[in-house]
Each structure stands twice: as C-alpha cells, then as structure tokens.
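Chain lettering (A, B and C) follows the sequence in which the chains are written, and residue indices restart at 1 in each chain.
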Amino acid sequence: MQNKNFSIGGVIWGKLKKNKLALIGAGVVILLSILALAAPFLTVYSPGEQDIGNRLLAPSAQHLCGTDELGRDIFSRMLYGARVSLSVGFIAVFISTFIGVALGALAGYFGGLLDNIIMRIVDIMLSIPNLYLILMMITFFGPSIFNVMLIIGLTSWMDLARMVRAEFLSLKHREYVLSARVAGASNSRIIFHHILRNALSPVFVSVIFGVGGAILLESGLSFLGLGVQPPDSSWGIILSSGKDYIDKAWWLTFFPGLAIFITVLSYNLLGEGLRDAVDPRLVE
Amino acid sequence: MIKYTLKRLLQSLPVLFGITLITFALAHVTPGGPTALQSNMNAKVSADSVAKLRALYDLDKPLHIQYLKWLKRMARLDFGESFNDNRPVLDKIMEKIPNTLLLTGLSLFLILIIALPIGVYSAVKQNSIFDKVISVFTLVGYSMPTFWLALLLMMYFGVYLQILPVSGMRSPDAERFPFYLKIFDRIWHLILPVFVSAFGGLASLSRYARSSMLEVIRQDYIRTARAKGLPESKVIYKHALRNALLPVVTILGLSLPGLISSGFIFETIFAWPGMGRLGFEATMSFDYTVVMGVVTIGAILTLMGNIIADITYALVDPRIKY
Amino acid sequence: MDRLLNIKDLSVHFKLEEGVSKAVDGISLAVGKKETVCLVGESGSGKTLTALAVMRLIPRPGIIAGGEIIFKEADLLCLSEEKIREVRGAEISMVFQEPFTCLNPVFTVGDQIGESVALHIGLQGQKKKDRVFEVLKLVGINEEARVYDAYPHELSGGMRQRVMIAMGLVSNPALLIADEPTTALDVTIQAQILELLSTLKEKLSLSILLITHDLGIVNEIGDRVYVMYSGKIMERGPKNDIFTKTRHPYTEGLLKSVPDLGPIKDRLYTIPGSIPEPFKVPKGCRFNPRCPYVKDICRLQEPVETKVSAEHFVRCFKYE
C-alpha cells in the first residue's frame, strides 16, 4: 500500500512537472512563504516605524514601494503583512478543511438521518450569501485576526464536505473496504485508514485553492475594516489606507493589491495543475 | 408546471427555517450571550442597544419560547427597529433593494452577453490562440481581488482621466437635470460598479460555458448531426449550443449568492446606496437588527433566484418531468 | 459486379505523443448495388473508423492518410466540404451503435427527422411533416403521430434505432452504413431491427455496409464478409465461403467463439490475448502473438493476400 501510494505521487509529480504554469505557481508560493518568514532580514525599516517627515513618498531606492500616510515603509509593511495574510489563509483553511472532511466523512460513511441533517445544513449555509453570513458573524463576534480566521473557516467548508461525502459514497462499497469490514476493522479504522487516505488527493487540491480563496476573502474584509485590525497589518489593511489617497499616492494601492493578486494567482495556478494531475478522467 | 413550482417552493421551507435558526443561534453563541455584548465588545454598544436587543430576542423568556417568538417575527419579516434611527428595519431595506437589484441585474446581464459567446467560442476553437488567451483571462479573473480592480479603475478613470464618477448613483445637482440627462447621469454612475461586479462572474461563467460546450461537442448526437450532412455552423449553434446552455441556467442561479455577496463590497467602495452598503454600515455601528434583516433578505433573494433557475431549467429541458 | 462503393488502400492515422497510430492500415473494400457487406472484427480493429472515413467524419486528431473512396464514380476524399455534406445523410446515411445517445435530447423526433427532410429535399411545412410520417411508417412505426411529437427519452431503445434509420432514409440513399446497429438492444429487438434492414434493402434497393463483431448477425443478413484485424483485412469472401471454407486462423477463432454456431462445446472458445494497441502493432503478421499456428516467418514478414477461390482471399502464410 505504501509503495502504491508512492507511485501515485510519482505519477502526479510527473504530470505536474510538464505543466509550466503550475510550476511557476508552486515556485511563487514557496518564495512568498520564505519572504514572509525572512521578513526581519530583508527589511531596512521596521514595519511600524513612523516618519512623519517622509510621509507619502513615491517609490525610490530608499523606499522600494514608497511610504504611507504615516511615513511607514510600504515594502516592510507588505513583507510583515504577508505573515498575517498567509497565516490567516492557512489557519482558516485548516479549520474549514477539518470541518468539511469530518462532516463529509460522517455523512458519506454513515448515511441515513445523519447524512440528511448534515446535507441540509450545507444547503442552508450555501443559500445565505457568504459575505452576508460573515458580516453577521463579525457583527456579533467583533473584528480581529482570530475571529477572521475562525469566521472564514466556519463559512467555507461546505463544498469540501459535499466532495468528501461523494468520495466516501463511492469508496465505501469498494472491495477493499468491504474486506476490511469483514476482517473486523472498526468504523474509525475504515474511515481513516482505508477510505480517507484514498480521498486525500482531492482534499489536498481543495486546500490549495482554499488558501488562495481565504487570502482573497481576508484582504477584502480587512480592506473594509471588518477583518484584521490595526496595528496588526495585512495586505488588505494597507490597501484600505490606500483608498483614502487614491488621488495622491497610487503606490499605496498598487503594490499591496498586486501582492494579493500574485499570491492568489499562484495558489490557483498550482491548484489547477494539481487538479489536472490528480484527475484520472482527464486524458489530454 | 404549477405543481412543480409549488413543490420547489415547499422544498425551500426547511432552508428558510434553517436561516432563522442560524440567526437566532448566533446571538446566543456569542460569548456570554447577547446581553454580554456590551461588556466584552465595544463601548459603542450602549445600554440602550442592549435593552433593545433583550426585547428583540425576548431574553427574559425560556429559550424555546424565545425561538418561537423569533420564528413568528421572521415569518412576518419583522426585524424590529433600527438601533440607530428607530425606523423599521424592513422599510430601510426595502428602499435600498431596487438599487441593489439594478446593480446585480445589470451585472448578470453583462456577464451573460459577454461570457456565453466567449466560452462557447473558445470551446469550438479549442486550443486556438483565442482559447489560450481566454483561459489566461479566466485565471486572472479568478485571482483578481476585485476591490483592488475597483480602486485601480477609480484611480485611472476617475482621478487620472476624470471621465467617470467614482462614487454615488447620481451627480450632486442631478435633481435639477431634465429627465433624459437624469437617465444618462445614472448610466454614467453605473459603468464602474457594474463592470467591476461583473468581472469575477465573467471568468467563472465563461469557463463554465466552455467546459459545458466541450462536453456536449463530444456527444454522439453531435456526430449524428454531422452525419446528417448539416453544415458545421448548424451542428454547433443549433444542436450543441442548446444542450450546452441547459446547465448554464442552473449555474446562473447558483452564482447569485456570490453576486449579491460581492455587491456588498462594491456598494461600499462606490458608495452605492444598496442593501449591501446598508448592511456594512450597520455592522460598523453595531446595528444588529438591520444586520439580521439584511442577511435574511439576502438569503431569501438567493433562494428565489435558485427557484427561478430551477423552474427555468425544467421549462427548457424536455427530460425533466414536472 | 456493379460497384457502388469502392474503397482502395485507405489509411487512417492518428498522430499521438507515443507515435503515429495506423488505425486503418491500407484496406480495400467494395460494396455492390443491393448488396449487404459485413465488416467484422473485435472492437478496436478499425471498423468504425473505416465507416467514418467514408462519411469523412474522422474525429481529431485522426487524418485520412491515403487511399481513395470511390462512390458512384467520384472520389469522396477529393470532394469539397460542401459537396461531401450533400452526400452525407442524402446518398450515404449512417446508423450508429447507441440509439440512447445518438439522438439529440432537446429536440423532438419530428424536429430531427424534419431537419434532414428540409436539408436534403427542401420540403417545408405540411409537406415536410408528410415525408417524416412516411419514413416513420417505412421503418415500421405505426403510431407515427405520437412518435413525431416525442422526445428521444420518451421512446424505447428499439424505437429510437428505428427513428435513426428513418432519419437516414429521408432522401432515398443508395448506401446505408450501420455501425453495430443492434449491439445495444435486447435480443428480440435485435431480430426485429435486422429484419427491418433486410426488408428495407429489398424495398428501396439499398446497399448496406454492416459493421459488427457478431458473426450470428452476419450469418443472418450478410452477402459478403470482410474480416478486419488491427487495421487490416485478414480474409474476405462470400458469406458461405467464409463460414464453411474458413481459411484465416483469426476468422476461425471468431467462428469458434460464437455460442450458437458449430457443434456444442464444453466451454466457449476465446481467442487468447487481445488486439494490439494501434501504435504497438507487432512486426510481421499482426495476428502472430495470438495465432495457434504461428511459424517463424509470421514474426518477420507481413503476409500478402492470397487467392483461395474466385472471390475468396486470405492474408496468411499458411496458404502462400
């Protein structure tokens, strides 16, 4: 089994290798993570360092992306902001993946009433416009980094739950699962050992897409003042101050938005490449 | 047909029911329950608000009574009064809905007339330059933070070129304009918000139309149509298109929540006085009743959109029995 | 013999990453007037592609790499796209294997047959409808008014196949190509459709090119038989010669694996192995890995066609 999984991974890598765009995406994703981790070594200015004398400076050799309305270096703020944006993305997706996989697996494996209840919850959640739901939760919980992670996680697990459920429905009647059951394997062992590991690759693909989506959502919310709160800084926060200076300082809007765009694009490219590599139905 | 419509309406009842349950539960899972809001959140939440919230949820009654009362009010769309100006929430929402529907409807229309031809054509010319350009465009569309796009367009057209207004839905002195100028003024104010809110949908619908068309072109009945001696244009635009468009109807219905959702960001950026902006402002000022109302009405609009999509599907697909 | 269709040295190639696949590798085949010719072989042998080549409907990335397809004195491969469309569905009609998926689900039967009527004989309105009714009756559909307004999913498989055949008959074609027309149907319905084809052949002076893997069907309605394997014709001749004076080991294998022909055996015979991937055709005779009589020469050289009798030919070293 171990060996077989290994070779499946090999096949996927083989296909992914040929997809240049996906490789570029993967490269940028890795590079961004390194940049975010190494932020203190790459920046001259501290992200919070105000310098009123040098406010709203255009990009130059001293300030690669210019300075903001308080004279802070935007490049530094963006590198440190990457830490916030990326970690919100990862943790939110961790939460939604956990919920989605758990509920999808329960619904698909046990079926019956439990399946019915879970799928109705999914229907209801999907019929409320996502941002409205988030808006309502933020009204009650208040905006903060922690709440944004939690709320994005709590409102984006539904598609994954549907997918995992479908995967379980099709896998649970396979021979190897039946033989495991005949051999007396417990439900939890069947779920985790026999089915889930075979459903892993689509889950992984959805995690990659999810991170991009969560970063996009977080930046939108922070931009509106509903997400990360100052003095914490994410790309969305920098953008929101840019909005007030669109007539004076284009760089305040341009660079952080570009960072979001490139990050999300890279995750999507990687996700697409992985999906095509994983999907056995694609013959091209 | 009437029977199918009724059935479909009945099916949506549990969802409506669930929405009331979520809005009700949310207030109670807030750390400490709704009455604790004041202490653990924000000084903006006044003692007055807490009293109003208590009344809204009937907090002095047992939980099941609270919920039954809540349900009863929701059934009448009675969301109470706004904390800010004491006007009935429903009135406040209803006066904004036309603006939101105008924006959403126009975006939907724009998405349809642009995305469908693009998607279909790139499927027909699979792997052509056109197809490749479009596939890059759809990826960009998926990944674009649309609020950033909105800012860039505002900067370029509004600040740099100064040819398009960046906010609101009418010029300050539009009251004095003659009728035709008022219309023109409105269209002028609609250009940026409609384009931006259609942008994301363009990418997903054109991609969907493309894959749907590719799927259909492979079908046996397309080979039959060719074997009949039909010219390729008829094979594609009569036999294939009709089949490829069927699932698109459903997708349009499904894309409605996203469109209404994202409308809330664009309404805020462009200061468009719609339901989304109302919800946003309510959130910022902790006007709970208005937030509840906006969320519930948003969900109902979405449900209605889905039902209309399902019924349309049943009308256009002869295989659905109703 | 009066030849209606004469395929000479036809090749269909697919250019794939793994190399060029010669799915149809230089075959010749003729169909005479009022004759039923059967093209027999396992799936993957290139039978359907041969038929699609006649219609000039080879799917991408396939191309017709060489040969001639002479139909009524014109080479179909040289016709312009417009000219070939006037042949398709008018002079040569094709009926496919899957009646469930071959009709467009969103148009009524009347629409779909009517479209052919309008296209090929230019009738409109009531006259068009009359002609549709006429062909529906011709294929043995008695409730033509109901079927006219029905959508394909409202009809049974046999009924749909009749509709497909009717659609091919609107402008009195000279040749009907039927690609496994009964494979997807129940046995009783199969018999009805075969009977219908025989009746139509007599009534309309039709020539039929029937593609099948089922020698039982060949036995029932075939006049002459071509046995195809991996893109080449292995044996050809009049039906009786093929059945009683079988020469090629592959034909022999096919006959032995038909359940209701020949003496009762303990277990049904199957030809060992499977048809080669089209881009991994073995050297020498392409049947050699599965042949019970294989000799050294079969692995080195490709056999040529040898005459058995006046109209009976075989491609095998046993007879060279």
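Note that in this section contacts are C-beta pairs under 8 Å (C-beta built on N, C-alpha and C of every residue); 3 or more make two chains touch, one makes a residue touch a chain.
Model, not experiment: these values are computed from the prediction.
Under the contact definition, chain A and chain B share no contacting chain. Set against the C-alpha centre of chain B, every other chain centre is closer than that of C.
Put simply, the C-alpha centre of chain A and that of chain B have 23 angstrom between them.
As a whole-number value, the distance joining the C-alpha centres of chain A and chain C reads 54 Å. Within chain B, contacts with two or more other chains are made by no residue at all. Residues 14-15, 18-19, 22-23, 26-27, 30, 37, 41-42, 139-140, 142-145, 147-148, 151-152, 154-155, 158-159, 257-258, 260-262, 264-265, 268-269, 276, 279-280, 282-284, 286, 288, 291-292, 294-295, 298-299, 302-303, 306 of chain B are the ones that touch chain A when the two sit in their complex.
Residues of chain A touching chain B in their complex: 120-121, 123-133, 135-142, 212, 216, 219-220, 223-226, 239, 242-243, 246-247, 250, 253-254, 257, 260-261, 264-265, 267-269, 272. Residues 55, 57, 85-90, 93-94, 96, 98, 101-108, 115-116, 119-120, 151, 153, 164, 167 of chain C are the ones touching chain B in the complex.
Every residue of chain B that touches chain C in the complex is listed here, in rising order: 219-221, 223-231, 239, 242-243, 246, 316-319.
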